[in-house]
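Each of the two complexes below includes chain A, the first together with chain B, the second together with chain C.
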Partner chain A sequence: MLRPNKHSHPDQTVLAASTVLLAELRRKRAVPYGDLKAVLDKASHGSDFLFTPAINLLYLLGLVEYRATADLFEYAGQ
Partner chain B sequence: MGYPYEDLDDSQFERLVVQCMRMLFGEGVQSFAAGPDGGRDARFDGTAARFPSTADPWTRITIGQAKHTNATNAHFSDSDFSGPGESSVLSEEIPRIRKLVADDELHNYILFSNRRLGGVTAPLITDRLAQETGLDRSRIFLAGVEYMDDTLHAHPDILRRARIDPIDGPLLVSSYELAEVILEIAKGLEASPPPDDAPVVDRVTYDEKNRVNGMTPEFAKLLRSRYLHETHRIGRFLADPANTDALRLYEGAVEEFQLKIVASRREYQSFDRLFNYLVDFLFKRDGALSRNRRLTRAMIFYMYWHCDIGETPDAQAQ
Partner chain C sequence: MKLKRLYSNRPEIFGPVTFNEGLSAVLAEIRVPANRLLDTHNLGKSTLAELIDYCLLKGKSNSFFLFKHGSLFAAFTFYLEIELPDGEYLTIGRPVDPGSKIYFKRSESSIEDITALDVPDWDHLALPFDRAKRLLDGMLAIDPLRPWGFRKVVGYLIRSQRDYLDVFQLGKFSGKHQDWKPFVAQLIGMESGPVVELYQKKEELNATTADLATLTREWSGEDVDPSVLDGLISVKRRDIDAKTATLSSFNFQEEDTRATSELIDQTESQITALNEESYRLNQLIQRIAESLDEEQVLFRPKDAEDLFRQAGVFLGDQIKREYEQLLAFNRAITEERREALQEQLAESQARLVEIRKELETLNLRRAQSLEFLRNSDSLDKYKSLSVELADLQGELGFLEAKRTAAARLTDLRRQQRTLAEEFGHLETAVETQIQEISRDEESRFGRLRRYFTEIIYEVLGQNAIIAIKLNSQGGLDFTAEFIGSAGTATSGDRGTSYKKLLCIAFDLAFLRTYLDVPFPRFVYHDGALEQLEPRKREKLIGVFRKYAGFGLQPIISLLDSDLPLPIGSGPQTLSPEDVVITLHDEGQNGRLFKMPTW
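Then we have the complex of A and B:
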């Protein structure tokens, strides 16, 4: 899923979706769940299927934290 | 689980029918060489050993006919088989039966086919045969897959006598157990990480690919002009992350096609014939595909265009 293959559209991959999310997070530092999802909806076709894997990737890279009480994502990078 | 008759070829099915008839009528059932058979695949002259019953067996000349199809889930009621149209199998068979009856060469008729026979269809077809050939209804018998399965279960020796070798034919054991194993394996694989995606291959020109695969320029041009615009739509569909499951199915189909193509490549002088063979085979085997002929051809072309099937110069270099 992470590695694009010959069938992948470059804009419809987990890496591309992660980039969009990361840019938004770095700009605003904390973004509510719905708003972050809306950003990806606007940027990429198939966002319903890419959002969760993209967030997972950013979390694994230590770049995002989810604050359940406020239902928002917070940028955790430098 | 029924026997996979659809995986036999016509001659294997005929041999099976002849052996079934020998079991029912007696060793004197005569089989005929392949070729125009004048409406008969097997002939028996005498009193049947046990058909339709030992108490009242058929007497005099019995003609057996085998009608095989590669289609799965075919029925006697299919219009191309028993429809009133001139081109249906039954319509073409009736004049031959009538001629044999007129020549006093047929007194009983038994028709075997690997099609399902429903309780409503059977009397309708029997009535039609009786009316149009002059045979008595009680002297006509239709044997569908249900009847053949029962006969094979009762007399498993028929398969050995028909010389249907598991090496060049389907599995002789019931495929049910194998299917169970495969389903279990599939479940296990789902739990583990998904397999690697299809490898990326170097791009080659269409002309170069055609040259390596032996596709004629005329055929290649026709395919390109008719189906190239469809490849974009198919590509977009497969690239959509929502269609990951469809992509996995596509990759599975590609793998199977590619293995079959490699195995039978030498039998076909050009890729044109192989392409047509693949498409015809798919139409015959699957009703859904035969209803979407254009899309099926487009899909096979996409596989070829996308270098998923057929040789690529890159692969050849390795």
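Then we have the complex of A and C:
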């Protein structure tokens, strides 16, 4: 899933999407779910289907935490 | 969630205050005899409560003392350490300048003085205010308050003097009932959903009633009965149809005129066809231009790699190489496509120029044909008939506008009826809920009522009850009042001291009902013992101790003259361990802020 093939549009890959999300999280530290999703859609129109895999990747890498009560993502990296 | 410690970066002026697990007292001693007769002593009992509120992310206001006297406090940063529901600790740092930036540090054990930490050790540095508030909501995870945030309940946890006027309505809840009553309903154990809906529906119903009144006033005296209007419209339409028929049956048989009409028909259809083609080409050109613009790839493997490295994750070389190959592949496709698109663009633009020329010629021909028609006699008659028809159509337009207004009026009446009906259903639902929770002794409300009654009885030896009811306007009324010997409500709650006692009892009682879930455990009562008789003060201290035993953290502020007996003289009064800070009036060292008063 991480590796692209010749049918992938470079902007619509998990790594590209998670790069966009990571940049936003590092900038704002805590971002509500809806806002983060909107950022991805704005960066590359129509790639919101990548949101879940991209945020999963960041979580696996230990870069993000989810706060359910407030429905927001908290940056957990360096 | 309990309070642990409040301190500042200027300990020589504002020293640390460490709260007890159970009962904590903020004691102010009046040592100068001349000051005993004063009402206010400016030592800082209430200010301490305000500082806790400030550290728990109270909104910024210029009338707040830290900002009002900005030059005195600009260099201060205040820190509040709290214990989180999961046993971890959280230090909240909030500077005065700017008061909108918040610092967070979570730790497994308590941190005595965070100012000793280096800057990068904070979990979150200088977070904007709103985001910090939301994040704190997430960390506190107080689910029973949802959909409201923890700030909404802070007013009940920190009762200042002006919050003792009403048990349920705090000083800051001066706006619409809709803004606070549903919250209070949820706090005391109702489901807030139907209550919120009830207030929304009430608002909608009022708005519709007002609209209806305005519209009725505007059309007063006019006949706006829809069925009468429909009749009038039908008569007008029949007139128009008759005139149109006359116009269309007009005699246009003369040979030359007919030839001209044919010419017009042909010309018109040609013009239409050309216009359509021109529109299609313009669309195509626009789409091609968009496609040519779009073909840019934003993803840069190098930038992504840098960003991930800064976040502490290293991307493998192979992944990076594969992405670079993909970019090269895309670039190749894009170039191929660009050439084809540009070719198509050039062709379309050339055809558009041709079409424009043809259209010019055809339009000229049409204008000439019309000129010829205008010169014939028959057209004058045609013209006058057309004017009559236009008048009739104008009248019909007016009638139809009136019909629309009438329809709106009918709609509004229907809407009002539906809303009133839905409002009625919601009233029933809320009333049923009140009945259910009120009857069930083990519901949150049932327990709250029992604890509340117990506290009042323990202190005063009188009975008091809490009740919820729907008033005649369909709003909720919460009442807390004393019961006389005859079993009816008395006016005992009107005195300030007893009102304060009702507030304290309510706060302790509702916090006790939440002991089984993560919820704030602390409660600050400013001047808790004031104006009570000595015997009742003893009893109230007993209640505070009992609730501290349940796991709550009552914090009270008081003057030494409020104490029933000197400190440490027995279980009926405070012990020296209860006092977390002692303030006095002998010079500025006795004040909360060791500086001249402001």
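We take it that the second predicted complex is superposed on the first by the 78 of 78 C-alpha atoms of A that agree within 3 Å, B and C clash if a C-alpha of one lies under 4 Å from a C-alpha of the other, contacts with A are read in each partner's own complex, and residues count from 1 in each chain.
What we mean here is this: contacts are C-beta pairs under 8 Å (C-beta built on N, C-alpha and C of every residue); 3 or more make two chains touch, one makes a residue touch a chain.
Keep in mind the model is a prediction, meaning the values are calculated, not measured.
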When chain B and chain C are modelled together on chain A, clash or fit: fit
Partner chain in contact with A:27 - chain B first, chain C second, else both or neither: neither
Contacts of A:48 with chain B and chain C, given as first, second, both or neither: first
Partner chain in contact with A:3 - chain B first, chain C second, else both or neither: both
Vertex chain A; arms to chain B and chain C (CA centroids, nearest 10 degrees): 120
In the superposition, chain B vs chain C on chain A residues touched: C
Per-pair minimum CA distance [chain C against chain B, superposed on A] in Å: 5
Common interface residues of chain A - those touching chain B in one complex and chain C in the other: 3, 5-6, 8-9, 13
Chain B to chain A touching residues, read off their complex: 194, 197-201, 235-236, 238-242, 244, 247, 250, 306
In the complex, chain A residues that touch chain C: 2-6, 8-11, 13, 15-16, 19, 22-23, 26, 28-32, 43-44, 61, 63, 67-72, 74, 77-78
In the complex, chain C residues that touch chain A: 124, 127, 131-132, 134-135, 137-143, 146, 149, 297-299, 303-304, 307-308, 310-313, 315, 319, 322-323, 326-327, 329-330
Contacting residues of chain A [partner chain B, same complex]: 1, 3, 5-9, 12-13, 45-46, 48-50
